[in-house]
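Next come two complexes, and both contain subunit A; in the first it sits with subunit B, in the second with subunit C.
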Partner chain A sequence: MYYVKKLLSLTATVILITVLAFLAFSVIPGDAAVLKLGTDATEEQVEALREEMGLNDGVAVRYARWAKGVLSGDFGESSYYNMPTAELLGEKTVTTLWLAALAIIMIIIISVPLAIISSVRENGIVDRIIQFAGQICMAVPSFFLGVLIILVLGLTFKVFTVGGYVSYKDDFGKFIGYMIFPAMAVAVPKIAMTVKFLRSSLIKEKQKDYVRTLRACGTPEFKILAFDVLKNALIPTVTFVGLIIAEVLAGSVIVEQVFGIPGLGRLLVMSVQTRDYSVLQAIVLYIGCTVVTVNCLVDISYHLADPTVRNKR
Partner chain B sequence: MKKHLLFALLLAAALTVLCACGGDGTVDEPGKATDAEAVSENSVVVGITNDMDSLDPHKAVAAGTTEVLYNIFEGLVKADPDGVMQPALCSKYTMSEDAMSYTFTLREGVHFHNGDDVTAEDVIYSLKRVAGKLDENDVNVISAFSIISDITEQTAADGSTEIVVSLSEPNTELIYYMDCAIIPADYGEQTKKPVGTGPFRFVSYSPMESIVLEKNSDYYGAKAHLDKVTFKIYASTDDAFMELLAGKVDIYSYLSADEASQIEDSYDIVMNTQSLSEGLYLNNEFEPFTKLEVRQALSYAVDFEEIDGVLTGGNSEILKTAMFPTFKEYYNEETKNSYPHDVEKAKQLLADAGYENGFDLEITVPNNYQLHLLIAEILVDQLKEVGVNATIKQVDWSTWLTDTYRGRNYEATVIALDSTLAPADVLHYYESTNGSNFVNFKHEEFDALYAEARSATDKEVKIAKYKECQQYITDNAASVYLMCPKIMVAVNPKLAGYTFYPIYVQDMSTVYYK
Partner chain C sequence: MARKNKKHIKISFFIGAVLLSVLVVFAVAGFFYTPYSVEEVNYKLRLSAPSLKHFFGTDNMGRDVFSRVVSGLGATLAVSLGITAIGAGMGVLIGAFTGYFGGIADEIIMRLNDTLASFPSILLALVCVSLFGSGTANVVWVLGVLFIPSYARVVRSEFIREKEKDYVKNAGIYGASHLRIIFLYILPNIKESFFAAIAIGINNAILAEAGLSYLGLGVQPPVPSLGRMLAEGQTFILKAPWVCVFPGAVIMLTVLAFALVSENLESRDYVSVFGAGRKNIRNFYKNTAAFSDVSYESPEKDTLLSVRNLHVAVNDGGELREVVSGLSFDVRSGQSLGIVGESGSGKSMTASAVMKLLGNKAVYAADSVLFDGKELCSIKTKELNELRGSEIAMVFQEPMTSLNPTKKVGKQLADAVKTHVKHKKRNTQVRLNEKNAEETAAADKTSEEVKQIVLSAMKDAGLDDCDRIYNSYPHQLSGGQRQRLLIAMAIALKPKLIICDEPTTALDAEIADKILERLEKLRDEYRLSMIFISHDLSVIGRLCERVIVMKDGIKIEEGSFKEITDSPSHGYTKELVSAGKWHELFGSGKLKSVPAVNENQAAVRKLTENVRASGQKTMICKVENLCVTYDKNTKKELKVFENVDFSVNKGECVGISGKSGSGKTTLLKTLVGMTEYDGKIELSGRALMVFQDPYSSLNPSMKIEKMLDEVQLLQYRQSRKNGKGAEKNSAKNSLPSKSDRRKKSVEMLRKVGLDESYLSRKPAELSGGQRQRTAIALAVITEPELVLLDEPVTALDVTVQEKVLKLLMQLKKDYGLTYLLISHDLNLLEAVCDRIFAL
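So, the complex of A and B:
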């Protein structure tokens, strides 16, 4: 029953998101037909194209037509690119997913060791330095960090060429080499958060009775940390990282813009500029679904793992 | 010790994630990369900042698209660097004495990129598609084609195939539109895999990334020197410039004066005057602008020297009328001396019109072109000197097209108007009833002059009338004309042959390695 309810509220949320996006889009001035034809077209030409694109119908009719198409797996055609939206998105999604994946890998491999080092000696010098740096990193938004990375690593030290994006299809190595930097911009604030979370989780765990028992039995300290404490502390952290995944996807949208990466984020911005509603709707739907699904999985995992949450119902 | 163990664990975890991500078929194909390197010595990368709005030449309108498609497609005729229409897919053309019909002799033995012959059927199909005559409900793509009454095929006495375009009224300027692309009849894949007859053929296109062309070795004319051209699409002019600094781009146009000075050691900078009339366009129906004195006052208030000096390094051409020097004999050069920068005169005129205390003015600027915005910022300062309190309102391109251009809901706007090579085209914005008359310039006297000029078949008469039209626009200060901006193109010093045309295109067929 719980899962059915969850699923229903999920679907309702996604539908609401698409409706709102559609409405917002119909309010802003300009449409795809006007943009497509530019300044040279006569009123007659614009009207004809509008008719062809179905832009003359009311918002409700257009939304219904779009929704019907989506339900049958047809995301429509991009009015700007004249190609099926699904095809257009497919390629760009891969780019954005790689950015997100790299960011998540960075978050995991950097924040776990930092949190452990930090928690070894609570309030020691190392801990304080890590905490202080963490505070700063958390306060910096990803897009600004992106600008800083471009300025320092790209322009001053010339570690990479700004704007020198290479498609994953052309040269995978160069692609990853470039994507590391935007991924860094996305990851750093999240690393700071994860370190803070995992650190306190580790410290809490270390004060538990079983740790004292293990110590009393003469188990080496690093074994206690690595096998027992870390394992237990990681459980709440996993759900926390789950929540971060959704944020990372959203953060990529802006960071892509800063680094000139042709991914979903830039396509989203483009689709607003070109009034390309089928592309915009598809991306909104995609991001909406991802965020909602990840949140839902986190909820469910809590539900499964913690009997107290389950029994409240 | 404990750290080593942890790192090993984490590394293993990270690798698992990596492998899992790699499983969706996104791994690179090594074969492709080596192919690209093999031809790299005779290929160029051209940086562009606008994405393609369509690969179908009859549907593409953005200048950023047509500059690329120019290499793939050709029309019956093609403009040469001097703006003269030279035979392309026709071997010769003639216009009837009364300017009521044009006859094109089809060039023999020309093939499309798919290997098919170019036939009269293809030509008629293409022209009818552009004229909106394929189907009852079709709307024309080029408005000037509305005067075409019929397009037919006939066999000449010497056996060659001729295409006759008949008109419903005399027109000597239609030839300037006959460069519209000839495409294979009933070919349905034009938006995915465009097929034309040009010196380059289409290889691939990836939205927001690049469009790749290769040499058409079957080309009937002078073949291209380059084997491969990659137009790389950048998100912004800044990104493109960074790649230029890194030496990864061979040709990049749209440089600002400042950028040009930064790279002049490592690149050749070639310049040309653009066929654009950049200006502060006034809505002639907005309250103060209904008065001639106010429009003239603004024309005196602006200082071309300052704008040109700051933004285009003193290289742009001053402009005081709606036409520009590209039109050669049609251009009325005398207008250039009108409205010299004169703040006192401007103040006097404003006072005469009853605006001694100035007025508020909102300048709408589309935010997709940096130059317009920079010009608007300087104009705000210059107008302040005569008491006009101007503010800038930035809008996106779609909003500009809808509200400002089509809705005519604005006070003043900074924009550059382009044109085909037909003189009628550049002046059609000022015809009272024209849908493009976004400045609301409504003068019967001008309409009469314009109609005479357009329909004149005698060249001398035509030139004289068009010059009068321009003088009329200048005298009535239809808007505040500023300049033909200079275009600055960075070219890899190893390359030569970059050619400018009076229409905005990037011709790669003439470019070669020295």
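So, the complex of A and C:
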């Protein structure tokens, strides 16, 4: 029942996103025909194009037509590149997804052990070092971190070739080898945030009464941590990481610009500058749906992990 | 009891504050003066390295990077302040109203909010900029609006939590308007989390603005921008790294400074004892020897546990405060020892110290804690873990939170048993080597056997339906069931000593009684030794032969239960012994007969007839056929009570008794108009309320003077609004001057046993008894026609209960008040009420 409800609400949100995306890019910018022909065009020319583009129909009819197109993979035509938007997006989307995925893997692999060490050694020297480093990492904007990585690792120590991007289609190994560095720039500030959140969640959990009960029963400290505290502290962290995933996608967009990766981010910035609305519309739709779906999955996993929530519904 | 309000300024806060002020000074100065003009182009000086002339070097057009960074910082700060002002201003309004009123508008706005918030704000900003065009003003507006949800969310959740508190409800009863409650009562109480949200919000605004500018879509030239500088410098990064490193570093430092400052704005969940400083703790260990008991005899042969000179200290505002000082006692095997004392007397700390369960909440030192021949002070963790649970077990006060919420209870109990089965197995192996393989196998119990141990322990603890409970999660069980589970956990391995820390305090009287009965039985069956901790001497009397009385961390009396109750030598013990004996205090002659009206219609009618018979009295409140149903016409429909009839006459004290869940509090809430109802309520005049928990019924951010003043002010407004006040008593028609109101407040405070000096205090600086006195003063100062008392003494220490109850009776006499008193304690009601009825 819960999953049906979730699915319905997901569908509703996705529809809401399409409506908003349609309204934002088809209605607000003004007359698409004028935009296409320029202000020099005569009124007859504009009117003819309007008729041809179907702009004289009602908003609802236009939305239906547009939505039908989207469902069959037709996102319209890029006004700047003069090619179908779907074609333009394909490869770039995969590139950006890989960047975000690498960053998320880094976040999970690095932050969980760090948070555990930090909480176990609460207020000790190791904990203080981790906390201090975390404060600094959280303050670095990801694009500045990207610039620093290029400067130090790329140009000074020559760990990787700056601008040496290889498409995943050509050589996947080299692609990943290059993507690790931009992923680092995206991940580091988020790692700091996740460590901070999970650490305080672990410490809070350790103060709870049931931990005292376990101690009173003679359960060794590492067992309490491994079998009780960690699981309970991870439940709220899942939600937190869900929120971060959206930001990782956003961070990827900016970092692509720093490292010169031909992904969604560069296309987005380009389209903003050239007012290429159909491309923008497709990107917004794509990111919106990704984020909403991820959040829905997070909710479901939260639901699975916490019996108190599961049984209340 | 006044709590120290001293706040510890941490070094990180200091660093952050200094950094922030330096940056702000530079930024502000940059608006008026920069060493070079920001746009001054000098191609001769292209990309020159940092020097004394150009602190941060020059860029590709020979412009001074330092001047550009300083003015860029100013612009960044101004822009992000603007963004935050829009976001926080709108966010606080939306959050406050949706959180306070709830309803469909709340649902819709929050759903929209959530959808918006789940998008990365910088992407949305990009899209908006493309639609509305770039430019500084647009960036500020777009980002400002996009940040609204993050503030609204924080404020809303705080409002939802805060509006349920008694002080907010109380304000409603006094007649404060919704707007007044939102802005004057709730808002000041959420400022901490709001400021923390603002500090985080400023940082996000700085980062978002810098990100947009880096992409060339944020603040446009000629306004300088740190993000854009960084982007421009990136092309010649190897040749002249300073052009982009300095702007980047300044962004980073600004964000860091805000983060360090805001970190210290957030409130801490608990205070670690190690926050009191290593030196203080070292001194504590050194000094405890000096305070030792004068002398103590060495323990007798059959002593199971002997504690000598125990000291426990906690962190109190950065200082160590001893909560147990020099405590010594013995428990013989088979004997039960009771420890009695009020909250804060150190009795629970003693129990935790013996089990070494203080963690980092407190430190302890003792000459000796000897259990069954083992010195617990110096025992190794591994050996201690073998003792805990199998030799010494503990039952805690909080059954609701003492089990892991995400694990089935059966598994939790089985895990606890398994831990010790493993210990035992190892020990047997060491002892017997390969000599007795059979016994080794016996120790290696299968999980099925463990389950049998757990199930039989559950049965012994008095649980029925063990198989179902075994596979349940804690939240599916009642408080009584959970406490029985904890008892089962404690007795499963047949320990020698069991420590019970207020095991029944959190439970209903009836369930508590059954649990005590079961503990008595178990004690006799297993021949357990027991330490039983309670604030209630009568509970201790049921289980313990010997009693220790504690006050302020010191043992003030010790003896057999009979000695203590028959001839208490210490004044405090005397108070404790007489506590709860309400008949002796108030004389039970007042109440002629106790009509035990238990859901019995006939008896209720009899009561109403009685009232009619004594019809000359003025009736203040008349309730007929009252019925309250929660969630009416939904699946969750729940009838709280129905067909309730009663009346209250002027000058009476009417008592209502009933079990928890019988709707006592709901009845009072209905009378003050907080719940919807069917039936008839006639109320002549105002009814005010005194809540059970004085910790939540007073507004934590208001001084007592302001509270008393508010009540008078609101009463005046209400009486003017009603219009009737003008005819009835003209004296109340004009608003008394501020000094008059203050005079009345002082007079009232004196009446309730406080004085003028309390006017400037806030609730946090008062003890429980003082808070309840204040709450009573608030209810009585405007002399309402009816005062509703909801368990007014239950949350207080036993010795304080008596004083507060006496005060209530005195006030009733002095002001001619009428009380409607709710209590679960029939003895209390019988002692003070004229009439009682049961729900």
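As a convention for this text, the second predicted complex is superposed on the first by the 209 of 313 C-alpha atoms of A that agree within 3 Å, B and C clash if a C-alpha of one lies under 4 Å from a C-alpha of the other, contacts with A are read in each partner's own complex, and residues count from 1 in each chain.
Everything that follows uses one rule, which is that a residue touches a chain if its C-beta (ideal position, glycine included) is under 8 Å from a C-beta of that chain, and two chains touch if they have at least 3 such contacts.
Predicted model only: the values in this text are computed from it and were never measured.
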Contacts of A:T42 with subunit B and subunit C, given as first, second, both or neither: first
First, second, both or neither for A:I104, with subunit B first and subunit C second: first
Partner chain(s) touched by A:Q207 [first = subunit B, second = subunit C, both, neither]: second
First (subunit B), second (subunit C), both or neither touched by A:N123: second
Partner chain(s) touched by A:R275 [first = subunit B, second = subunit C, both, neither]: both
Which of subunit B and subunit C A:Q257 touches, first, second, both or neither: both
Common ground on subunit A, meaning residues reached by subunit C in one complex and by subunit B in the other: 28-29, 155, 221, 223, 257, 273, 275
Subunit A to subunit C touching residues, read off their complex: 13, 16-17, 24-25, 28-29, 122-123, 135-136, 138-144, 147-148, 150-151, 155, 204, 206-210, 212-221, 223, 227-228, 231-232, 235, 243, 246-247, 249-251, 253-254, 257-258, 268-269, 271-273, 275, 280, 284, 287-288, 291-292, 295, 305-308, 311
Partner subunit B, residues of subunit A touching it in the complex: 28-31, 34-46, 48-49, 80-83, 88, 91-92, 94, 97-98, 101, 104-105, 108-109, 112-113, 116, 154-155, 161-165, 167-173, 175, 221-223, 225-226, 230, 257, 260-262, 266-267, 270, 273-275
Interfacial residue positions of subunit B with respect to subunit A in the complex: 1-3, 5-7, 9-11, 13-14, 17-18, 21, 24, 26-29, 32-33, 36, 51-56, 59, 61-62, 137, 139-143, 191-192, 206-210, 233-236, 238-240, 242-243, 246, 248, 368, 396-399, 401-403, 405-406, 417, 435-436
Contacting residues of subunit C [partner subunit A, same complex]: 12, 115, 118-123, 126-127, 129-131, 203, 207, 210-211, 214-217, 227, 230, 234, 237-238, 241, 244-245, 248, 251-253, 255-256, 259-260, 263, 269-270, 272, 274, 355, 357, 359-360, 381-382, 384-390, 393-394, 396, 398, 401-407, 415-416, 419-420, 423, 473, 475-476, 486, 489
